[in-house]
Amino acid sequence: MSWQWFHRLGSPRWFYQTSTRWLPLLALIAAAVLVSGLVWGLAFAPADAKQGNSFRIIYIHVPASFLALAGYYIMAIAGAVGLIWKMKLSYMVMKSAAPIGAALTFIALFTGAIWGKPTWGAYWVWDARITSMLILLFLYLGVMALQYAYHSIDAASKAGAILALVGTVNIPIIYKSVDWWYTLHQPATIKFTSAPSMHIDMFLPLLVMIVGFYLFYAVALILHTRSEILRRERKTAWVRELVQPNVGEKA
Amino acid sequence: MAQSINSGFTPWLKRDLLLAYRRRGEVASPLVFFVMVSTLIPLGLTPESAQLAEIAAGMIWVMALLATLLSVDGLFASDYQDGSLEQLLISPQLLPMPLLGKITAHWLTTGLPLTLVSPLLGLMLSLPAAGYLPMLCSLALGTACLSLTGAVGAALTVSLRKGGLLLSLLVMPMYMPVIIFGSATISYAIDGLNWLPPLAILGALFAASVALCPLAAAGALRITSAN
Amino acid sequence: MMQMYFASFQDLLIMDGHGIYVWSAVILSLLVLVWLIVVPLLSRRALLKDIARDVLRERARQSSSKNNQGEV
């Protein structure tokens, strides 16, 4: 009984039609949360005692890092669902998640580097977190490149899913190794954030930004998946019906 | 004829060793690369013994990694081209075992020679005496890990043209823990610390790779060879 | 209501010298986020136009073949 619901969930057409209805509202909420969180963090939250105002970059850097990592797992789970249940829609979500995650990883690296300059005097410091983020970027680029290299969509999706899953197993190993490597060479561990010991007035806007970034990710993922659906399903009847208004204008 | 769960390992190991022997010029090129690049390092940096000694451990490991990366592309390439890979896929044996045989042959013809030649490089790069035994142990275990994880990448890219560069991009993240703990083993020994813990972690990585990589490579081959 | 941390809008921009870092980080990140939204929107529009062109072409081919059948 419930499997019916699950398999309906796997229909690209259902996804496209449902998202057409709900996307505007979701986008509005995401924008509202992001804007309010950003304004709160940049203008209203108190400055850090040691770092001064440059710490405000945290309101973009930390949420981006969270989503970069979470996004990889979302991509890998989508790949796994595609491999196990052979769901086309799941593969489309996996393909869409890759560039979004890579862009967020890039934001995390970039904001981390800018933050590093006033705080530690250097744009790039090979600490555990930045190095792990860089490796995460390579993992994303690998999944994107592998799918791009295959001509057959089916093989591309399956290969990408396998690579994403292999990466999932590797991420904790890589993070722990890099962490260990860093403490080996730098006795004093510098932490970018120590959230629990943050003052509540600084922590609340961070929470809002994290929620906002999650909502943004959902919106971006839905948008990219919709385009991918149109691309792959263009020969089907329901997509042809969708473009009737355009055709009607020209006819 | 009874098929055991381990069948396929020895035949394919022997086959690949024989094939490698027939192409021994080709197979030796990663080794030659390994030795040649170690000449580039003093030329590029400094001939001073003290400074070379500081970076020797890491540099030897980086070069071993690059040399393995060069060679892992050929793991399935020639078999894919002449059709024997397809034969392997339709044979009744469980796929991971023949693959493990092929990977073992690959290690015996690349990783093991690298390991055996490394003391020579240690000499050229002024590696401190305490580093030699750890270097041999870490390279032996580490190159095995590199061959195993490299096989997964090779399986994913076997049917692509110009898959070599993509292969490097794919396996690099998986290689990073190996080089971290491999070179740390040597550095620990040089600094007078107990070098067994990082070596043990390397051993754990090896154990996990032996268990998982043949399975992952088998799955990848089934999918990508159908392309 | 909360008080803004900075005394004036000017102070918000400068942030005691750190303004250039914070604002360049913010602006660049916002650019990337906007790009992530704009690209799929544009591609969707392009796809719909492209599919419409396909449909038109198919209709033209069908109607021309019907005409040919009529003549034969």
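As written, the chain order gives the labels A, B and C, with residue 1 at the start of each chain.
Going forward, a residue touches a chain if its C-beta (ideal position, glycine included) is under 8 Å from a C-beta of that chain, and two chains touch if they have at least 3 such contacts.
The shown structure was predicted, so the numbers you read here are calculated from the model rather than taken from an experiment.
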Check your understanding: So which chain is farthest from chain A, going by the mean of the CA atoms in each chain?
Key -> B
**Study point:** Comparison of A-B and A-C (more C-beta pairs in contact)
**Key:** A-C
Practice item. Determine the chain that sits nearest the middle of the structure, using the mean of its CA atoms as its centre. Key: A
**Study point:** Between chain B and chain C, centroid-to-centroid distance (C-alpha), Å
**Key:** 45
Check your understanding: Any idea how many Å lie between the Cα centroids of chain A and chain C?
Key -> 18
Check your understanding: Quick one: chain A and chain B, Cα centre-to-centre, how many Å?
Key -> 33
Exercise for review: Sort out for me which residues of chain B touch chain A in the complex.
Suggested key: 152, 156-157, 159-160, 163, 166, 169-170, 172-174, 176-177, 180-181, 184, 187, 205, 212, 216, 219-220, 223-224, 226-227
Point to revise | Sites on chain A touched by chain C in the complex | key: 38, 40, 42-47, 52-54, 56-57, 60-61, 64, 99-100, 103, 106-107, 110-111, 114-115, 117-118, 216, 219-220, 223-224, 226-227, 230-231, 234, 239-240, 242-243, 246-247, 250-251
Point to revise | Footprint of chain A on chain C - complex, ascending | key: 2-6, 12, 15-16, 18-19, 21-22, 24-26, 28-29, 32-33, 35-37, 40-41, 43-44, 47-52, 54-56, 59
**Study point:** Interfacial residue positions of chain A with respect to chain B in the complex
**Key:** 135, 138-139, 141-142, 145-146, 149-152, 155, 158-159, 162-163, 166-167, 169-170, 173-174, 177-178, 180-181, 184
